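Okay, got some structures for you below.
Presented sequentially are two complexes of chain A, the first with chain B as partner and the second with chain C.
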Partner chain A sequence: MRDVLLALEGLTKAYPGVVANEDVSFTIGRGEIHALLGENGAGKSTLVKTIYGLVKPDRGRMVLNGARFEPAEPRAARTSGVAMVFQHFSLFDALNVAENIALGMENPPSQRDLAARIEEVSETYGLPLDPFRVVGDLSAGERQRVEIIRCLLQDPKLLIMDEPTSVLTPQEVTILFETLRKLSAEGTAILYISHKLEEIRALCETATILRLGRNVGTCDPRETSARQMAEMMVGGTLHVPEREAAAPGEVALRLESLSAPSPRAFGTSLKEIRLDVRRGEVLGIGGVAGNGQDELLDALSGELRVAPGMIFFEGRDVGAEGPDLRRALGLLAAPEERNGHAAAPEMSLTENAILTGRVREGLSRRGFLNWGRAKTFAERVIERFDVRTPGADNTAMSLSGGNLQKFVIGREILQRPEVLIVNQPTWGVDASAAAAIRQALLDLASNGAAVIVISQDLDELMEISDRFAALNEGRLSEPRPAPGLTVDEIGLMLGGAHDMEVAHVAE
Partner chain B sequence: MDLGTFSPVLLIASLMVAATPILLASIGELVAERAGVLNLGVEGMMITGAVCGFILAVEIGNPWVGFLGAALGGALLSLLFALLTQILLSNQVATGLALTLFGLGLSALLGQGYIGVRAPSLPRVDLGPLSDLPYVGRIVFGQDLMVYISLALVAAVWAVLKYTRAGLILRAVGENHAAAHALGYNVVAVRTAAIAFGGACAGLGGGYLSLVRVPQWTEGMTAGAGWIALAIVVFASWRPWRLLLGAYLFGGITGLQLNIQAGGLSLLNILPAILISVGIVTLLVQLFRHLRGGPVARRTMITGQLLVAAGIVLAGLNRLFPDMRIDQAFWLSASPYLVTILVLVVMSAGRAPGSLGKTFHAST
Partner chain C sequence: MLKLEKRQRPSEVWSYATPVIAVLLTMVFGGLLFMALGKDPFVAIRTIFWDPLFSEFAFFYRPQLLVKGAPLVLIAIGLSYGFRAGIWNIGAEGQYIVGAIFAAAAGLALYPMEARWLIFPLMVLAGAFGGFLWAMIPGILKVRFGTNEILVSLMLVYVAEQLLASMALGALKNPEGFGFPGSRNLAQWSSSQNLEIVAGSGMHWGVVVAFLAVIGTYVTMSRHVLGFQIRLTGQSPRAAAFSGVNPARLVLVSLGVSGALAGLAGMFEVTGPAGQISIDFNAGYGFTAIIVAFLGRLHPIGIMLAGGLMALTYIGGEIAQSQLQMPAAAIQLFQGMLLFFLLAVDVVTHYRVRWRRPASARVAAE
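Moving on to the complex of A and B:
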């Protein structure tokens, strides 16, 4: 056993109506890579926020290095040697790398000294980074490097990482792991949160599993199978999506040299995308975030109109048409951001059902809404997709991420699309809900619709896709049959590691 | 071309006086907006500052006490805005509009007994021989102290935002308040301070109106200056030096058009000359940049060429139709607004602070 660095004893935190953590105790050793596992809403985030000083526990105590540890705020936690890399990067787009890093330090040196130190640390750990670039222009992998270096400059004893690999290419993941192992060898403990069980098996020495706020067990992930861990998380057996093979039908959607500038600041424009999608197939589109995924979805859904002659739905040129007409034809889409894009957070589920279902479900007549039908439709979605909510009158934002995601995807599937495009369908969704969503997408394809799944989760794409293509800087690679693709081939399709090099280990 | 009684030196000297209230108010609003707060109550804070400053200056007999009072008055009113938006989480746009209405009413009430009274005057700085230099003497060394203070404020705001940790934290809070909170910065405290600074600057701007520029108290005397200040912040892309340019451009053209109207010059006769010279300056600036190896902005090049072309066409039209007339007063009065917007837009808009106008609540 290693020396104990941090001991948690009986931590309890309740919010109105829900107990986020209940009597959680475990220890993290010096230099240990410790995984924290659990479904959405199992209390992982609350727990790490407690350690980082963002949340005060109702009961229980923490002991760091043998001394009582009660950080009142993140600053105090950082001073004690606890650093954290956030899941949603806590970076400032308009500021440069050095400024971003200075904001996370207690007594930052002058800009020039800081830039020199950034270069030194990035050299040591193989994380190349130009201190004077504006963060808004960086790729997701580079942004994560900013966060990691920000933490490393403070010589942390414990580094907390919340879902660090969800935005990285396989090569970047390999390099991140080299960096983390090197840190661990130098005596820095790492608390690692992830949904990806295979990664945890490759990296971590100990795993603590939370379910409904309680610590339900500890295991050695190197000797436990991914399936066993998943079942400990869920507390039951896990359903693996399956499908009946269907022969691909005729072409439903054709893209011919689709090019369009991005409507967003710091966005990626689409460049010469060519693609045929057939009925009955699932096309997976991988790629690191920010390589044109949002823009592609916008162009297909009709939010972003493009020049004529680029998008053909069953032979009809729809590039210049808006979302309503495309929906009427059967071209449906569910964007990535649940709160604010796919759903209006402050409106009820019935109202949200109207927002996309109006055209195809006949929820309005001559400009007047048919509330009865809308409610029935929303309730059908809730029932068919097991959305856990007291009723259709509840607001979208009152649902947990996974439940809202089930509602958003289910709402489109129940409209019987001919072509469905989804972006990140299971992002931030726990294992059992993700399996349900994937199964629904496969069923839809089996029934003759064409499905395009844009995702950054490669395991997910390999599990459900018939063909796989990758987006890189707004260009789409040639689609290839998904079965049999190796990780290296996929990595190359994704554009490889963006100028990363393997850490100079053991220097 | 006959310029009549038109004097460029006096024009530039007076444009600095005309622009100072707007400059003061907008530099304060710039700081608030860089911290992520959209305070539409600038007009209300300005006029409150104007009346507070006027009353104190008259009662105590010292213009400097008046300016202090103007800054305090504006800051106090802005703290009401801070209380409502930062602590009670009200909507910033609605609260800002209400603040303007409240300020206009409050100032009218406070200023009841002061209409027609004269304020003690603020002496111009006299640097002896320097102020007597031809041309530059009057412009550079012959202003009143508040003009220099306003310029110093612009420089100070620029330096603080760019070079200090406090400025970095302020920008971070305005850019992404959730991330700033996650790093442990006190978003509400930073914003409250920025709002108070904005209020004090707006108050100073108002005080300059009632104590120097007019110098009298009349109800509603800011007459939209606060709104101009707000607009200039946006068109200046939230950058202090552009803001100075915008405010002086606005002040300058306001002065110029009054001179033209008073001097009875024909707008059609001088417009071609103005268009061509602005166009040529634009092109020269681009050429200079190109010679120094910098990037050339295509949009700006085209604008410069269009300006020259429009000037030439207009001059030709004047020759062909010597009897052509337009509604001179209308176009002249509109010109400061049109030109300021045009110029600042051509300089290409920047990005607004990411959290601008959004309500922050540390719920997570």
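Moving on to the complex of A and C:
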């Protein structure tokens, strides 16, 4: 056993109506890579925010290096040697790497000294990074390196990483893991938050599992199967989606050289995407966030109109048609962002059912809404997809993220689409609900619909896809049969380790 | 220390209570203002709010309530379409003027024909069309070139005022008016006059149309797809685009509706209470209607009540001016206070106000 670096004793934190952490105790050893596991809402974020000084616990205490540790703010935590890399980066696109890092420092050294130190750290830990590149031009993986190096410059004793691999390709994950192992060998402890169990098994020595705010167990992930850990997280047995194999039918959706500029600044344009999707198949589209996923969904849903001759639904050119006509034909979509895109937060679930269901479910007649039918439809979605809410009159905002996601996906599936495109269908949804959503998508395909699943979760895509393609900088790779694809092959399809060589060249 | 916490959803109770509280606060601070001017605040408040309805001479003032309220309600109802969708037409005053000019011109072109069945409806259509056209200028500029509709519609008010002066002095000037500026009197020509439907009630055709607009808008907002799309666009523009709302079309529709209703208000005014196109025909209804729209929470029934209240302060204000020698500016200030307090008090519908003691004990200060 290593000596204890940080001990948590009986931490409890309650918010109005919900206990985020209840009597959580565990210890992190010096140089240990410690995983913190749990579903969404299990209390992982609250716990690390407590350690980082962002949240003050109601009860319990922390001991760091044998001394009482109660950081009043993140600055105090950093001074004590606790650093954190957040899931969402806080970097300025218009500044270069060194300037961004200087912004986070109390007493920044001169640009030249800082650049030298950045290069030194980046070489020592195998994190190639040019201090003078503008952050706006960096890939997600490189941005994460900026955040990690920013932390390493403080010489931390404990490095907290929140879902660090969700934006990385498999090759980039390998690089990150090497860095983390090296840090661990030098005595820096790492608290690693993730729900990707295979990664945790590859990297971590100890795992603490939270469920509903409580510590429900500790295990050695190297000797525990992913399934066992998942069941500890869920507190029950896990249902694995299954499907009957169906012979692919005729082509339902065809994209021919689909190109479109992004409607947003800093968005990614779509470049010459070619694709055939057949009835009865699930096509998985992987890719690191920000490589054109949103734009592809917008182009298919009809929010983004494209030039003629690019999008064909059952042979009919629909590129210039709006969402209503595409829905009438049977081309349905569910965007990634639930609040404010797939659903209007301040409107009731009944109104949100009208939002996409009006045309296909006949919720209006001669321009007048049929509120009775709309409510019935909303209640059907709520019941069929187990949406936890007191009723259809509640606002979308009042639902938890996972519940709203179930509503949004269920709303499209119950409209019996011919082609359904979903983006991040199980993002933020707990494991059992995610399994239910995947099962519903598979059932839809078995019944003869064509399904396109855009996701950043490769495990999910491998589980349900018949064919797999990758989106990289707005280009789509040639789809390949999903069974039998190796992680390395997928990684290369995703664009490999983005710009890994660049930093070396610049040295 | 006072602290504001965002509510999960806007409080329903407060959204009904705040207009009442705003009126009460306006009375209190308005009273202080009148006191500072050396008037008895209680007499002043009574003169403004009580006398028009219940005094000895109320029979004279009560019809005025409908006459003043109708154009305010009509314009504010139109504005509520755009305001709910986040499209800000500030130029209803201009659309009101142009509607009046179009209506007067259409009628006067046929003068002195005696055919009320033809001329009056024609003028109604022309008025609505004029307001619609004037509102299409900021609408099309916004849709085609992305200009800001607030600035364009506001600036067009001043253009409309110049147009009005030019009409009163030129094209529409009464040829038998001995050179005085202003058109023929449309209220005295039987083909065009917008008279009271029931004598002595103040109930002219504009009042009828205002009530119809209230009912029509209520139905549109609660039952029609257009109302749904307007509310959706106001709350989440991206969800609206996903749902299939065409933003450009919505801009044109909501500006068109507000322009047409403002033009109608101008038509009923020029053929009734005002009687003629003159240099000072417009009385600020188009701007006051913005206050009315917000005071009524952009809800048709609320707008109807708010229009009545605002008409009351107009009439009461006039009485206060003539009986208490109150300056006109003080009355305008008083009306402005109403909007100010409404917006200020509105905070509590969206936020919970908490009083936090330094000793971390919390007491809800609701």
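The rule we apply is simple: the second predicted complex is superposed on the first by the 492 of 507 C-alpha atoms of A that agree within 3 Å, B and C clash if a C-alpha of one lies under 4 Å from a C-alpha of the other, contacts with A are read in each partner's own complex, and residues count from 1 in each chain.
Keep this in mind: a residue touches a chain if its C-beta (ideal position, glycine included) is under 8 Å from a C-beta of that chain, and two chains touch if they have at least 3 such contacts.
Just so we're clear, the structure is a prediction, and the values are computed from it rather than from any experiment.
Asks: After the chain A overlay, clash or fit between chain B and chain C?
Replies: They fit: once the shared chain is superposed, the two partners occupy separate space.
Asks: Of the two partner chains, chain B (first) and chain C (second), which one does A:Asp393 touch, if any: first, second, both, or neither?
Replies: neither
Asks: Look at A:Asp137 in the shared chain and tell me whether it touches chain B only, chain C only, both, or neither; answer first, second, both or neither.
Replies: neither
Asks: Of the two partner chains, chain B (first) and chain C (second), which one does A:Leu103 touch, if any: first, second, both, or neither?
Replies: In the superposition, A:Leu103 contacts chain B only.
Asks: If you stack the two complexes on chain A, which partner ends up touching A:Asp113: first (chain B), second (chain C), both, or neither?
Replies: A:Asp113: touches no partner chain.
Asks: With the C-alpha centre of chain A at the apex, what angle separates the C-alpha centres of chain B and chain C, reported to the nearest 10°?
Replies: 40
Asks: Could you look at A:Leu91 and tell me whether it touches chain B, chain C, both or neither (first, second, both, neither)?
Replies: first
Asks: On the A-aligned overlay, A:Asp3 touches which partner chain: chain B = first, chain C = second, or both, or neither?
Replies: So A:Asp3 meets neither chain B nor chain C here.
Asks: Looking at chain A, does chain C or chain B touch more of its residues?
Replies: C
Asks: Closest Cα approach between chain B and chain C after superposing, in Å?
Replies: The answer for the closest chain B-chain C C-alpha pair is 5 Å.
Asks: Could you tell me which stretches of chain A are touched by chain B in one complex and by chain C in the other?
Replies: The overlap between the chain B and chain C interfaces on chain A is empty, containing no residue.
Asks: Hey, which residues of chain A end up touching chain C in the complex?
Replies: 301-303, 322-324, 327, 333, 335, 337, 340-347, 351, 354-356, 358-359, 364, 367-369, 371, 395, 397-398
Asks: Which of the residues in chain B end up touching chain A in this complex?
Replies: Residues 165, 168-169, 171-172, 175-176, 178-180, 182-185, 351, 353-354, 364 of chain B touch chain A in their complex.
Asks: Under the definition above, what is the set of chain C residues touching chain A in their complex?
Replies: 8-9, 223-226, 228, 231-232, 235-236, 238-244, 246
Asks: Please give the residue numbers of chain A that touch chain B in the complex, ascending.
Replies: Answer in residue numbers: 53-54, 73-75, 78, 86, 89-95, 99, 102-104, 108, 265.
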